[in-house]
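Per-chain residue numbering starts at 1, and chain names A, B, C, D, E and F are given in the order in which the chains are listed.
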Amino acid sequence: MPKSKHVQESLTTMTEMVLPNDTNTLNNLMGGRLLHWMDICAAIAAQKHSSRIVVTASVDNVSFAEAIHLGDIVTIEAKVTRAFNSSMEVSIKVSAQNISAGGELLKTHAAFFTFVAVDQSGRPIEVAPVIVETAEEQELYQSALRRRQLRLVLAGRLKPADATELKNFLNQ
Amino acid sequence: MPKSKHVQESLTTMTEMVLPNDTNTLNNLMGGRLLHWMDICAAIAAQKHSSRIVVTASVDNVSFAEAIHLGDIVTIEAKVTRAFNSSMEVSIKVSAQNISAGGELLKTHAAFFTFVAVDQSGRPIEVAPVIVETAEEQELYQSALRRRQLRLVLAGRLKPADATELKNFLNQ
Amino acid sequence: MPKSKHVQESLTTMTEMVLPNDTNTLNNLMGGRLLHWMDICAAIAAQKHSSRIVVTASVDNVSFAEAIHLGDIVTIEAKVTRAFNSSMEVSIKVSAQNISAGGELLKTHAAFFTFVAVDQSGRPIEVAPVIVETAEEQELYQSALRRRQLRLVLAGRLKPADATELKNFLNQ
Amino acid sequence: MPKSKHVQESLTTMTEMVLPNDTNTLNNLMGGRLLHWMDICAAIAAQKHSSRIVVTASVDNVSFAEAIHLGDIVTIEAKVTRAFNSSMEVSIKVSAQNISAGGELLKTHAAFFTFVAVDQSGRPIEVAPVIVETAEEQELYQSALRRRQLRLVLAGRLKPADATELKNFLNQ
Amino acid sequence: MPKSKHVQESLTTMTEMVLPNDTNTLNNLMGGRLLHWMDICAAIAAQKHSSRIVVTASVDNVSFAEAIHLGDIVTIEAKVTRAFNSSMEVSIKVSAQNISAGGELLKTHAAFFTFVAVDQSGRPIEVAPVIVETAEEQELYQSALRRRQLRLVLAGRLKPADATELKNFLNQ
Amino acid sequence: MPKSKHVQESLTTMTEMVLPNDTNTLNNLMGGRLLHWMDICAAIAAQKHSSRIVVTASVDNVSFAEAIHLGDIVTIEAKVTRAFNSSMEVSIKVSAQNISAGGELLKTHAAFFTFVAVDQSGRPIEVAPVIVETAEEQELYQSALRRRQLRLVLAGRLKPADATELKNFLNQ
C-alpha cells in the first residue's frame, strides 16, 4: 500500500478571471463553466495525493447560491478528505470577488467530487490513506463516510437500509 | 401564471465530438467538460419551457460510470420534468458512441439539474406548470418531489424530519 | 458493398448558444463560426451513415439571409441525402430563436456539404446506398445529381456540356 | 459615393498553425475550422476596402482537394475583387506547408466569399468601387459578374434565363 | 494616497494542466501560452494590491530554461514587489511537475511584469505603497529600482548615463 | 552547415481580430493574449528560416505603449534577424487599426523573441546563417549581438564585464 499523505500535500489553488465567453446574457458566470473549473482543480488535488492519473467518478449535489459576475476573480481550493481503496473524496471551496471595484470576498459554496486513481491501462489502483491534522480535516474525514453512503444509494449500489451513517444523519 | 407546456416542448438535443482538448492523458473525456455540456443543454431546455433567461440553481449527484473516448460522438438530451414556482428540474441523458469504428451505442448516464427563471434584473419569476403525457414523464414528475427534498436537506434549507417523500424512499 | 441505410439513421441534431466570442461588433453571429458548426454536424451525420472516418470534400454555395444574434439558440439538423461511391451529400438546415425573449422560430437557411469516407490510411472507401422514404427525402435524392454536376463543373472536373441535369435545370 | 480603392489596399494575410483541436482522428485539419479562418480573413479584407462593419452574405462552392496536417502552417490571402453597391466579392487563396519537415509549399485551393457593408444599425451601405491594376485582378473583376449570377440563381433571386454571363460560360 | 498593503495581500496562485492545444509538435508547452497565463496571474495580483482595473505596461526579459510537457501541472505564483506612483512591479514564479508519474517538482523560472492601475476611463491612478516583511521581499523591493531603470533605458525613456543603479550593477 | 537564407524568406504576417474573450473589463486587448500571438508568429518565422521544429528560448523586454481595443485588427510581422549556432533572434512588429471606423494605422510596438531549433528528440541543432540585404536588416543584424549579451547577462550566463557590446551601448 502506498505511503500515507497529509491532507495539506494535496491542497491545490486555482484562480480564474470570469471572461465574456464564460457568462450568460445577464453577464453572470454559467454554472457549467464553474463545474468545469472545479473538476480540473479537484482532479489535480487527487493527482497530488495519489501520484496517479485520476478519472472523475462522481460529483455530489452542488448548489449555486450567489451569482458570480463578469470580471470577478474566482478562487478554487481543493484538497483530498479521505481515501477509500482506489477512490478519493475531494473537498472544493469556491469564492469570488470583484477586486477592481474593491469588492468584499464572497464565499460562494462548497462541493465534493470523487476520483478514482488508475494505471496506464485505465484499471483502478490502490491509493495512500489520508493523514488528518486539524479539527476541520478530522470533521471532513468523518463525514466522508456518510457522503459515500449517499452516493452509493443514489447510484443504486447500496440498499438504503444498509446506509447506517446516512440514516443516522437524516433521522437526527 | 404562464400557460402550461408539454414536456416535449422543452426537449433539447446536443451532439458533440470529443476533441483532444476535452481529454485527459488516457484520451478519455474529462468529467468537467461533460458537466459543462450538460449544463448548456439543460439550460436551453429550461429556456424553452420558461421563455426566460435561466440560471443554474443546483446539480444533483452525477455518477460517471463509463469512460468516453477521444473521437466519440456524445449525444445529450434534456427536458423539463417539473416546475416549482420559479424553478424547474431538468432531466439529462447522455449517450456516447464510437461511430467511425462501428461502435455500439453506449448508454452512459442520467442526471438532474435545476434552474431558476429570472427577469432582466436577475429576480426569480414564476414559470409555467409542466403537462406530462407518457408514463416515463409521469414517473419523473412524481419522483421530482423526492429529489427536491434531498436537494433542500443537503443545502441545509429543509430539516431531514420534514423530508417526508425522501424518508419514505430511504426507509422502503 | 455495405448494407443500405435509411436517411433517418443519419439524422443529427446540434444545439448551440451564441456566445460573445462567436459574434462581430454588431453582436451578430459571424458566418465562419456557423460554417464551423455546420461542418461538425454534417460530418457526424456522414459518420453515422458510413460508420467510417469522413473528411469534408466540398461545401456548396451558402447564402446567409438573416442575422443571428448574441444569446440566440441555434439548432442545426443534418442528414445524408445520397451516396455516390465513397462520397455522401449531406443536407443541413439551420434555425435560430431568441428563446428567452419568447422569440419566434426563425428559419434561417439550408446548405449542402459533401464528405468522403476514408479508411485508417485516409484512402476513400465505398459507402452504403441511401434508402429514401418520404417525399422530401425522394426530392433531395433526385436533385442531388444536379448539385453534384454543378460541384464537378465548378471544380473543373466535368465539362459544362456533359452536365446534363444541371443544364436542364438552368434552361428550364 | 466613397472614393475608389485599389485591390492591393484590401490585401490581408493570415497565418495559422494547425493545433490538435483543429484536427479529426486522422490528424487532418477539419474543413469547418478552415472555413472559419477563411471567413475571418475575408471579412478583414472587406473591412479594409469599405472602412465599415461587414457581414458575411454568402460563401461560394468550396472544394477541399488536399489534406492539411497537424502542425502544418496555413497561409490565407484575401482581397476584394469587385464591389456591387453595398456588397463585395472577396477572393481567398489558401496554401499549407509542413515547414519543420522542410515540406513543399502545397497550393490547396481558392474560394470566393461575399460580404455586405453595414452601418451601426446593421443597414446596408454603399461601398467604394474597386480599381484593378494587374491582369489577374482584371480577370477576377470580369468573372465576378458570372459568379454573382450563379449566387443569385442558386438563392432563387434570379431566373436562370436572365443569368446571361453564367449561361455563356456553361454553354461555351 | 491609498493605504499601504503587505506583499502577502497580493499573493495569487494559479494552477493549470497542460492540454493538447497548449503544446507544439514535440508535446511541449508553447512559450506564448505560458506568457498568457503569467500575464493573467500577475494582473490579478496587481488588482489585489491596487483594488483597481490594471493594464499590462511591460514584460521583462523572460528566459525559458526547461521544457514543460503535455499533462504537466503548472503552478504560477505572483505578488507585487514595489509600487511606483500608478505602476506596480509583479514578481512571478513558475514551477511544473509531472504529478501522475510521481515526478519531481521542477522549478522552471522567474519573471517580472509591470502593470498600471487605471480608473474607469483608462487614466492612470495612484496606487498604495508596498510594505515588505521578509528578507526576500526586502531584496525584491530594493532590486526593483534597478529593473525599472533597465526598462526605461530599453524603452528609450531614460538615458543610460542616468541609470545609476543599473550601471552599478553591470559594472560590479 | 545548412544553406544560408535571406531575411525575407522568414517573413511571416499574422492578422487577428480582437474578440471579447481577448479583452479586459475596459474592452482593451490583454497583454498576455498579444504575447501569445507574437510567440506563434515569431515561432513560424523561425521555422521558415530553420526548416525545423523550434522552441521559445527567451522573450526580450516588451513595452506596451498604446491600448488596442475590442474589434481592432492586429497585424503582426516577424522575421529572423540573425542566427547564433542553434538559436535565432526574431524581430516582431505589431500594429493595430480600428478599420471599420476608418481609424488610422496605429504603430504599437516592436519586440524580440529568440528560438532554438531542435531535432525530433528535442536536441538543439545548427541553423543556417542569415543573409541581410537592406539597411534595416543590416542594422538589426549588428544590434542583435548587443541584445544577445543583455539576455545572457540577465540570465546569469555572462559576466557584465564581458558584455562588451552592451557596455559600449550603455556608456555611450
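By definition in this document, a contact is a pair of C-beta atoms (placed from the backbone, for glycine too) under 8 Å apart; a residue touches a chain by one contact, two chains touch by 3 or more.
Since we're looking at a predicted model, the values are computed, not measured.
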Requested in this report: Could you tell me which chains are in contact with chain A and with chain F alike?
Outcome: C, E
Report summary line: Per mean C-alpha coordinates, the chain lying farthest from chain A is D
Report summary line: At the largest C-alpha centroid distance from chain B we find chain F
Report summary line: Copy-to-copy rotation (chain C on chain F, CA atoms, range 0 to 180, rounded to a multiple of 5 degrees) logged as 120
**Report entry** Chain pair with more C-beta contacts, D-F versus A-C
**Finding:** D-F
**Report entry** Centre distance in Å when chain E and chain F are each reduced to the mean of their C-alpha atoms
**Finding:** 20
Requested in this report: Can you check how far apart chain B and chain C are, centre to centre, with Cα atoms defining each centre and the answer in Å?
Outcome: 30
Report summary line: In whole angstrom, the CA-centroid distance of chain A from chain D equals 49
Requested in this report: Two or more other chains in contact with one residue: find those residues in chain D.
Outcome: 20-21, 24-25, 40, 43, 53, 100
Report task. Write out all the pairs of touching chains, ordered by chain label. Result -> A-B, A-C, A-E, A-F, B-C, B-D, B-E, C-D, C-F, D-E, D-F, E-F
**Report entry** Footprint of chain D on chain F - complex, ascending
**Finding:** 12-15, 17, 40-41, 43-44, 47-48, 51-54, 73, 99-102
Report summary line: The residues of chain F that touch chain C in their complex are 19-21, 70-71, 100
Query raised in the report: In their complex, what parts of chain B are in touch with chain A?
Result: 24-26, 28, 30-33, 35-40, 43, 53, 55-64, 67, 113, 118, 120, 122, 150-151, 153-155, 160-161, 163, 166-167, 169-172
Report task. Under the touch definition given earlier, write down the residues of chain F that touch chain A in their complex. Result -> 20-21, 23-25
